[in-house]
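Presented sequentially are two complexes of chain A, the first with chain B as partner and the second with chain C.
Up next is the complex of A and B:
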C-alpha cells in the first residue's frame, strides 16, 4: 500500500442504512450521517447501544452495504468496494484472532494477502510487535494469552497492514477497568507513533473524552453533535448530549432581564449570549455550583442525597418544585451536610450554557 | 468425597439397572470374542480353544470380496459425505432466519426417518429412472444416508467459532478463496475428520440400504454375513465379528495416543 498519509481524509456524506427487525418493521440504523475526518485524527464515535455507531464503522469496513450516500477515502469512493479491497482495517471487540495461528502468523496473514516480499513481511511483523510491546509473545497461540495481550495482538495485526484508517469497534470493552486505562494510554501513544487516522467506537463517555481529538455523538441513528471533548462537555447542543456526556442539571424556564426563573429556581446574571425568552433550557454542570459560599446565590435548597466519591462530594438538591439539582463539591464540607436540611446554593453564572 | 443429601443414584433400582445395562451391552461382545477362538464346527457350542477359523476366513474369497466392496464404498463415501456436509454447514451459516430453519430441518429430517422408508424410496427411484444397481448407485445411496450425520460435527464446530474471524480475514485483505483455504478448512479439520470417520462407520455397518440397492457384484460385508447365518451359523461369523470389533478399536487407540502425545509436545514447546 502506498504511503500517502496526507491524502487519506475520510469523507462520510449523507449515509443512510435501514434494517428489518425480526417482526419485519424497518429500523433506521443511520439517518443521513455526514462527517469529515481529516487524515491522522483520532475520532471517537460515541452513543448508547443501538445508536448506529457500530453500523457506521461496519459500513466503512465494508461489512454493511449502505442504502444512500457515499464514503470517500483520500478522494476515492470506497463504499462500493468489497471489504478486502478497502485500505482500512478493523480491530474487533472479540479480537477475532485466528485460533490456529500464532501471533506472528496472525500478523503475517494480512501481509501475505498483498504481494509483499517474505523479508519485508518479517521485518514488518517485528516492527508492529515492537510497537505494541509483544515481541516476547510472537510464537504464542491466542488461547495462551490474556485478554489484554490478545487485544494488543489484534491491534498489531491491523496496524501491520498500514491502513489509511484504523477502525476500532469497542476494543477495550471486554477488559477490566485498570487494564482499560492502561490500554487507553497505549492507544494514544500508538496513534501518535503511527499518525494513522483512528476511528474508535465506544459507549463509554469517559473513554471517549480520554481518547478523542474529536467526539461524534450518535443517538437513534443520527449524528447529534461533533466537537472536541472540551466543546462537547462545556457546550452540549442538546439535552441528550448534556446528559450522556458527564452529569448536568437541565432547567426549563423563562429569561427576562438576565434573570432565569423556572423549576422553582431563580438565577441572576445569566450570560449575554443566552437571549431572553420563554421556554428556555439552560444546562449547568455540577462543578459550576457551590454550597455555603460564592458570588451568585440561587437560594436555599433541600438536600436529597449525599454521595461520597473519595475525591469529591456529589450532592443532590431538590428545588421548591422538587426538580433535581446536581452539585459537585469539595469533601471538606461533608460534616456540615445532612440529608433533609436546607443549604444555600451558589452558581458561577459564566458556566451556564444553553441547549435547544 | 462428601455424600450428597439426595441424588437419583440413591434410588434402590438405579444401581442394579445401570450394572445390568452394562452387562447386557458387553456380554454379547465378549461372547463373540470368545467364540472366535472356538474349535468346534458349530458356531454356538464350545469345543475347545483354536485359531483355525482365522486362517479359514483368509481363504474365503467371497468374504474377502465382500469386505473389499464394503471398503470401496465406505472410504469414498466418507470423503464425499464430509465434503458435502462441510459445504452445507458453511452455506447454512450464511443463510438467515426462516431460510436457515427450513434448511436445517431438511438436512436433519433423514436422521429421524425410518431407514426402511428411505431405502424403499431409493430403490424405487433407481428403478423408475432406470439406474442399474451397481457400484455407483450403492455409493450414491450411502453418501445420501451419511450426509445428515456428517453434517452434525461440522455445524457444531462452526458454531463454536467467533463469527468475526471470517470478517477479520476479509478485512485483512483475503479473497473468499483464501479465507476458505487458510481459515475455514484448517479450523474445520478436526470436525471434518470426525465427520468422515462417522460416515465411514455408518457405511461399513449399513445393512438395510445396502440390502435394497446392492446388485450381485456389490454384496457388502454385512449382507454377506447375513447370508452366512441363513445357511446355518458358521464359526466364521464369530471371527469376522471379532475382527470388526478389534481392528477399529486398535485404530481408535492409536489415534487417541497420537493426538495426546502431539498435544503434550505442543504444550511443552510453549512452556
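Up next is the complex of A and C:
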C-alpha cells in the first residue's frame, strides 16, 4: 500500500489516534491516516481546527502516542521513541523560546544535548543565525524581541539540530498579514537552502498554496486529498476540499448528452471525462465564469451581491431555484452591475470538474 | 499568543495614598515600633533588680554577647553565643535544604497535574494550616515519645533530641516551600517543556536547565519564608527538642525570662534581625543578577 523505500522518507502508515472528550466520549482525532513524504519535500497539512492535522504533527514529534499504525523515518520506526530521541524538530505556534536564555543560548541548548564540541556549537549557532538573518540579535532575550524576530529565533533553534524533518505547527498564525507574507517567502528560501523536509500545519488555505510542494487536506480526522496546490485547486475530489480551498460553486443535477441540468441552471458542452448520469456533482471555480460575454451561455441570472475586492469583482448570482453561483470578474464591468438586476452568465466548460 | 514576560518593578505607582494608609499604620505600630524599642533596649543597661532596663547608654549587652571577662578582669572572645547562633543557622539551613529537596519535586509534580487535581492537592498541602502550630507540635510529641507510633515501629525514641526539632521544623515549614514554588511552576508554559524535550534534552536536563531557572523566583521566595522563621524558631526546639540544645530562639527567650537580662536578649534579637536582613539582601542581589 505504502512504498517504504527511499532513504530519508517519512512514511506515515495507517495512523489512528483517539481522545476522550471531557464528557468521556471517544473522539477520533486521526483515522487510519497514511501519507508518504519524500525527503526534502515541503508538505502542508491543511484543514479546519480540530481536523487532526496538529495531532498528526505532534505524533511525529512524539508528544502524542498513536493507537494504531506506524511512523517510519529513513527506514526506522520512530513512533515508539521518546521525543528527545527522534531526529525531528518542531517550531511551535507559541515559539516556546526559553525566556531565561538569549537567542544564542536557546540555539546552543539543543546542540549541547548532543555530544558536540564547543567550537562546533559556536559555528553552528552562527551559521543558523546567518540563515535566518538574526546575527545582530543573538544576545537578545526573547522578551526583548518582536513576534517576527522570536519566530526566526525559534526556526533557527530547530534548524540548528539539522533535523531530518522540520515540523512547523502554525508558526505564522500570530503574525500580522504583512509579516506573514514576508515569512512565507523566507520559509521557502530557507527550505531551499537547507533541503530539509518541511511539514507545515496550517488552517489557512492561501498559506498552504503559497508554501506547499504538496498539500494534504484533513477533515475530521481523515486525510481527504493529497496533491500539488494546482491539483488540489483545479481537481478537488470532494465537496469539502472544493469549498475549503478557494471558492467554488457546486451544482447537483443530471448530465445527459454533454448537458448538465440542475439547481435551476443548464450548462452545455460538459467535458467528456465527466460521465452521463443522475445525481452528479460538478464544481466550477469563480474564475471559470464570465459575465456579459463568452462562448457558452448559462442563461440570465439575478445578481444577489457585488463585492469589490480591489483587483477583482466577486459577484454572487442566484439561479431560478435560488442556488448561489460565485463569479469572479474583471473590475471594468462594475458600472454595468446592480443588485437585483439580471445578467447573462457564461462559463468556460473546460474548467468544470467533478466531485464525488 | 503567550510571550513570557518578566515581572518588572514599577516604582512610583505604589506610593502612599489613602487606600494604603491602614497598611502603613499596622506596619508602623506592629513592625516598626517593636523593632525600634528592641534596638534601643539593646543599648541600655540592665535594670536594678534584673528585669527591665534603665535609661543609661552602654554597649555592655553587645560586649556580653561577644566577650567574657574572667575574675582577674581580663577580656577574651566568647564563643558560647556565637556557637548557639552558628548552630541555629546550621539547623535552619538544613531544614531549608530538605524542604527544597522535597518541595521542588512536589510543587512541580502538582503543577503538572490536571487543573482539578491541582486544586485538591493544593488544598491538602494547606490542611495543616487549619490546626494551630502548638497542637500540631504536641501531636509530633506523641508520635516521637516513648511508646509513641515511631517507637512502636522500631525507631529510637527521638523526642527531646535535635532530631525531633529538625523533624518538627521541616514538617512545619514544608508547605511554605511548596506553595510559592507551585505558584511559579503552575505558570510554566507546557510547550516550553515540550520544546526542551524536542531539542533532545533528557528529563533531568529539562529540570536543571529549563524548569528550575524558570521557577527560580518561587524558589527564592520559598527559601526566604522557610529559612528566616526556622532560624528564630522557638516552639519546636522547646517542645520537641526539650530545650536540651540551646538555639537562638530559646536563648532570647531565656534572656527575657530566667536570666533577666533584657539588654542582652535585645542585642541577640538585633543580631538575628541583622543576619536575616543580610540573607534577604543577598537573595535579592541574586535575583537581579538572574534577571539581567
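Brief remarks on what is shown
The rule we apply is simple: the second predicted complex is superposed on the first by the 350 of 356 C-alpha atoms of A that agree within 3 Å, B and C clash if a C-alpha of one lies under 4 Å from a C-alpha of the other, contacts with A are read in each partner's own complex, and residues count from 1 in each chain.
Keep in mind that, in the parts below, a contact is a pair of C-beta atoms (placed from the backbone, for glycine too) under 8 Å apart; a residue touches a chain by one contact, two chains touch by 3 or more.
From a predicted model like this one, the values you see are computed outputs, not experimental measurements.
Following the overlay on chain A, a clash is recorded for the pair chain B and chain C.
When the two structures are aligned on the shared chain, A:98 is found in touch with chain B and with chain C. In the superposed model, A:83 lies in contact with both chain B and chain C. In the superposition on chain A, A:110 makes contact with both chain B and chain C. In the superposition on chain A, A:150 contacts chain C only, with no contact to chain B.
Of the two partner chains placed by the overlay, only chain B lies in contact with A:140; chain C stays clear of it. Judged by the touch definition given at the top, the superposed model places A:174 against chain C, while chain B stays out of reach.
Where the contact sets of chain A with chain B and with chain C meet, they give residues 61-63, 82-85, 89-90, 92, 94, 96-100, 109-110, 113-114, 157-158, 161.
The touching residues of chain B, counted against chain A in their complex, run 97, 161-162, 164-165, 167-175, 178, 182-183, 186-187, 270.
Listing the residues of chain C that touch chain A in their complex gives 1-6, 189, 191-192, 194-202, 205, 209-210, 213-214, 290. Within the complex, the chain A residues that touch chain C are 61-63, 82-85, 89-90, 92-94, 96-100, 109-110, 113-114, 142-143, 147, 150, 157-158, 161, 173-174. Here chain A touches chain B in the complex through residues 22, 61-63, 82-85, 89-90, 92, 94, 96-100, 109-110, 113-114, 139-141, 144, 157-158, 161, going by the rule given at the top.
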